[in-house]
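Heads up, there are several structures right after this.
Across the two complexes that follow, chain A remains constant while its partner is chain B and subsequently chain C.
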Partner chain A sequence: MSHALRVVAAEALKQHRRLFGQPLVLFSMLLWPLLTLAATYYTVLPVMESATASQRWPVAADPRRLLAFLAAGALAYTFFFSLVQSAWHFSFERVSGTLEALFLSPANRMALVIGNGAAALTQNAWLFGCFAVAAATAADVLDVAHPGMYVVAALALVVPAVAWGAFLNSLLIFSRDSAFLYTLLDDPLWFVAGVRLPLFALPVWIKAVGVAFPLTSSLVVLRGALLDRADLGDLAGALGWLVVLTVGLFLAASALLRLGEARVQRTGNLQVF
Partner chain B sequence: MSTGIVTTDLRKTFPARRWQGWRRRHVAPVAAVDGLSLRVPPGQVTGLLGLNGAGKTTTIRILSTLLRPTGGTVTVDGLDVVDHAREVRRRINVISGGERMVYDRLTARENLWYFGQLYDVPRARLRTRVGELLDLVGLTEAAQLPVERYSRGMRQRLVIARGLINDPAYLLLDEPTLGLDAPIAHQLRALIAQLAADGVGVLLTSHYLAEVEQLCRHVYLIARGSLVAQGSPAQLAGQTVRRHTVRLVLSVADPAVTAALRALAARHDAELIVDVDDGGRPRFALRHPEDLVGVVVTAVVQRGATIVGLTVTPPTLEDAILTLTDPAVMAR
Partner chain C sequence: MGATFVRNWRITLRAYPWTYFVGTLATGVLTIGVSLLAYRAIGGGRVGASFTAATGSADYLGYVTVGAAALTFVTRMVLWVAKAQITEYREGTLESQLLTPARRLPYLVGVTAQALSTTAVEVTVLVAVASALGVRLSVPDPLVLLAAMVAATVAVVGMSVPLSALMLAAGEAHITQNTLFTAMALLCGFTFPTSYLPAAARWLGEALPVTWALRVLRAATLPGADVDPWPAFAVCLVLGGAYLLVGLSILPPAERRALHRSARA
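Take a look at the complex of A and B:
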C-alpha cells in the first residue's frame, strides 16, 4: 500500500512538472474558466429575462442566483474536463516511449492512473475553485443547511472526478485516436450534464445520457448543498448514484488496464484501439 | 538464490491480420521466437546476436515481461516471468538505444527520482542512489537542467542511469550504444564490464560486433527466432567456413606471380580475389580456413616480386554471423 501511495504522489508530481512549466498556465486555471463562465452568462441572460423562463425556473429571475448556478456548473465542469485533458496528455506517453518504461516497472498501474488524474485535478481546478468559493461567499449566494454540507459537496466533486480521471486514463493510454474522445467529451459534456441549463429543461433522452456521467450527479449535489439548502436526506438519491458510478468507474478502469496490458503483452502493440 | 535468467523452448507468435476487401481477417500468426533456450548467468555479459528481424528485441521484451510468451518458460532466479511478473520487474531493468524512456520536461534528477519511486527504492537509498548515478554517467553538473536541453549523448546517458535506478540483478541491453559518440560508448562499455564484475547478469544485443567480442563471455546467435550457434566469441568465429584472409599488395603486376597464386588457391581450395588498389598496384585476397600467409609469401618471393603490403585477418564474429545465418547454410 505504501508503494502505491508513493506511486500516486510521484506520478502526480511528474505530471505537474510535465505540463506546468510557464506562468501562462494561470490562464487555463482561472482566466479560461472565467471567460467561459462570462460567455455563458451573457448568452443565457437575455433568454432568462423573459417572463416564461422565470415562471418555469425561478432562478432565472435573479441574475445573482443565475450566475451562482452557472458558476457552480463551470466549477464542476472544470474539475471533470481537466481530467479529460490530463488523459489526453497521458495518451502521448505511448507515442513518446515513456509508457513502456512505466510498464517495465513494478508500479501498480491503477496507482499510476489515479496519480495522473489527481495531479490534473489539483493543478487545474484549485485556483478557479478558490475563486468560485470566494466570489460566492462575497456575493452572499451560498445557502447551506449546515457546515458539514461543504464537505459533502467537496467529496461529491472530487471523488467521482478522480474515478472519472482513472477511467479516462485507462481508456486513452491505449488509444491512437484519443483526440476523438477529447472532442466528444468537451461540448457534449457541457450539454448533457446540465452545466448551463437545469436538467428539467433538457429532453428526456439527453437526461438519460447525462445520468451516465458522474458530472451530472456531482452538479446536482454541489448546487443542492451550496445553493439550495439541501441536506443529506434531500441529496441521498444523487449521492447514492454517485457512489455507484464511482465504484463502476474504478472497476472499469481496473478492467481496462488489465485487458489493455494483457493485449499489449500478446500483440506487442501498445495501441489497442 | 541467483540462478540467472533461463529460457526453455521459448516461443512467441504474433497474431496477424490482413485487409481482405473491407474487413481485416486473421491470417497465420507470425513466429518471432521459435524454441529458444538460453541462460543469462549472474556476473557476466551474455551476447544475443542475429540479423535484423532475428528475434532479439522480442526475446528481450519477453524477458522483461513486456511480452507474454506463447510457449516455453522463462524464469528469473527461479521466478516465472508470467506468474511472478511484479517480482521479476523489481529484479531486472532494460536499457534501449535511441534515448527514449525519459521525460523531456523533467530534469535528470527528477527523472531518476520519479523512476526510483516507481521501483519502490527505499527513500534514504534513493537520495544517495540518484547522486551516485548522476556521477556515474557524468550528468551531475547538468542534473538540474530539463532533459529537453540535453544533447543526444546526454539523454542516452540518462537512459542508462534510469536503467540502473533499481540496482537490477539483471540488465537487458538492447543496442545501448546506438548513436553514441565513441568516447561515450567506450565509457558505457567500461561500465557494463564493471557491472558484470559486480555480479550483475547482463544480456547484450548490439550491431557493434567489436563491442560484443570485447564484453561477452558467451554469445547466442539466433536467426528467425531459433538458436543457430552458441559459444564464446572466439568459438563462434572459429565455426565459420571462411576464416583467415591474407591480403597482399605487390609493387608491380607480374603474370607469373598471379598464376602461382591462382595455382596455390586451387591446390588448397581457397577463395582468391585479384584486383588493383587505388595506386593501380595488383592486390590479392586469399581466404581459407587455415592461415596461408607462409606459403603465399614464399610463392611471391620465389618469383622475385616485391611485397609492399601484407595483412592477415583472423576469423571474425561478423564472418560467423553472416555465414551461420545464411539461409542456405541453415537449410543444410
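Take a look at the complex of A and C:
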C-alpha cells in the first residue's frame, strides 16, 4: 500500500512539474469556461423570461439563481474536462517514448493513472473552483442545509472525477489517437449530463445515456447540496448511484490496464506512434 | 491563388480531419438542441418580451439556428485561413513559401476559396440537421442573404490575417484560436442579441466585423425584422478591409520572427 502511495505521489509531482504555471491552464480552466458560461446564460435567457418558464421551473424566475445553476454546471464540467485534458497529456507519454519506460518500472499501473488524474485535477480545476466559490458567496445564492454538505459536495465532485480520469487514461493504452477524447467527450458530455439544462427538460433517452456518466449524478449532488438546501437523505439515491459508478470505473480501469498491458506485451507496439 | 486552391483540396481529400468536422458540427447541433429543449420544455414555446423587442421577431429557434450555423462557418473559416501559415511553419514549408515569388494576398485568397467550398458543405449539413429537428427557417430576401455571405467572408478573412500574424509571432495556435472563438460567441450576437450584454462588452463587439456581418444575416433570415441591411453591410466591408490591411502590414515582421525562432532551434 505504501508502495502504491509513493507511486501516486511521484506521478502527481511529475504532472505538477509539467503543468504548473502553463498559460494553457489559465485560459482553458478560467477564461474559456467563464466566457462560455456567459454566452450560455444569455442564450437561454429569452426562454427563461417567458411567462410559462417560471411555473415549470422556479429557478428561471430569478436571473441570479439561473446563473448559479449554470455556474454549478460549468464548475462540475470543468472538473471533469480537466481529466479529459489529463488523458490527452498522458497520450504525450507515448509520443515522447516514456510510456514504455513507465510500463517497464515495477510501479502499480492503477496508482500511476490515479496519480496522473488527481494531479491534473488539483492543477487545473482549483482555479475555477476558487472563483466559483468566491462568486457564489459574494452573490449570496448558496443555500446549504449544514456545513457538512460542503464536504459531501466536494467529495461527490472530486472522487468520481478521479475515477473518470483513471478510466480515460487506461483507455489510452489501447489507442494512440487521443482526438476522439475531445470529440466524443467535450460537447456531447455537457449535453447529456444536464450541465446547461435541468434534467427534466431532457428527453428520456438522453437522460438514460446521461445516467451512465458520473458527471450527471455529481451535478445532482452539487446543485442539491449547495443551491437547494438538500441534506444527505434527499441525495441518498444520487450518492448511492455515484458510488456504484465510481467503483465500476475503477474496476473497468484496472481491467483495461491489465488487458492492455497483456496486449502490448504480445504485439510490442507500446513505443509505436 | 489557383494553385493554393487545388493543393488544399488535395490535402482535404486525402486526409480529411473527420474529428474536427464532427467536433464543430456537434457544437452547432448541441447549441441548437439546448435552445430547442429549453424552448419547448421550459418556455412552453414562448419567449420573453425582451427578445421580441430586441430582434423584432419571436422566432427564437430560427434566431439560434442561424446563429449556430454562422458560428460554425466563422469557426471553420478562421481555422482554415488563420492557421494556414502556422501550419506551413509547423510542416516546415514556410521557408519555401517565403522563397517563392507568390504574394501573400493571392495565397490567402486561394486558401479562403478552398475553405469556403468545404465549409459550405458543413454548414449545409448543420442546417439540414436543424430542419430534421423541426426548426423552420425562412429567407424573405435571397439577395440580402447573398450580401450576408459576402459580408461574413470579408469579415472572417479580415480577422484571420492579423490572427495569422499573431499565431506566427507567438508560435502558438491553440490558446489564440480558442480564446477568439469563445470571445466571439459571447460578443458578436450569434445566439442572442448583443443588446443583452453589458455596455462595455457591447462596444467590444461593435469593433468586430463579424458582429456587423451577423446584422446583415439577421435582416436576410428573420421574418418580421424590418431593418435596412445595407448600412451594416458597408460597415462590415470597411471594418473587414481595415483588419485585412493591418494584418497584411504586420504579417512580414511576424514571418521574420517565426523564421528567426526556427533558425535558433
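Here is the rule we go by: the second predicted complex is superposed on the first by the 263 of 273 C-alpha atoms of A that agree within 3 Å, B and C clash if a C-alpha of one lies under 4 Å from a C-alpha of the other, contacts with A are read in each partner's own complex, and residues count from 1 in each chain.
One rule holds in what follows: contacts are C-beta pairs under 8 Å (C-beta built on N, C-alpha and C of every residue); 3 or more make two chains touch, one makes a residue touch a chain.
This one's a predicted model, so the numbers in the text were calculated from it and none came from an experiment.
Touch criterion met: A:105 reaches chain B, while chain C stays clear of it. By the touch criterion defined above, A:191 reaches chain C but does not reach chain B. In the overlay built on the shared chain, the residue A:200 is in contact with chain C alone; chain B does not reach it. Contact with chain C, but none with chain B, is seen for A:42 once the two complexes are overlaid on the shared chain. In the superposition on chain A, A:232 makes contact with neither chain B nor chain C. Between chain B and chain C, C contacts the larger number of chain A residues. In the superposition on chain A, contact of A:244 is made with neither chain B nor chain C. By the touch criterion defined above, A:32 reaches chain C but does not reach chain B. Considering their complex, residues 14-15, 58, 61, 64-68, 86-87, 89-90, 93-94, 100-106, 110, 113-115, 117-120, 162 of chain B touch chain A. Looking at the complex, you find that chain A touches chain C at residues 23-24, 27-28, 31-32, 35-36, 38-40, 42-53, 56-57, 60, 179-180, 182-183, 186-188, 190-191, 196-198, 200-203. Residues 3, 6-7, 9-10, 13-14, 17-19, 21, 96-98, 100-107, 262, 264-268 of chain A are the ones touching chain B in the complex. Within the complex, the chain C residues that touch chain A are 19, 22-23, 26-27, 30-31, 33-35, 37-39, 41-44, 46-51, 60, 64, 174-175, 178-179, 182-183, 185-186, 191-192, 196-197.
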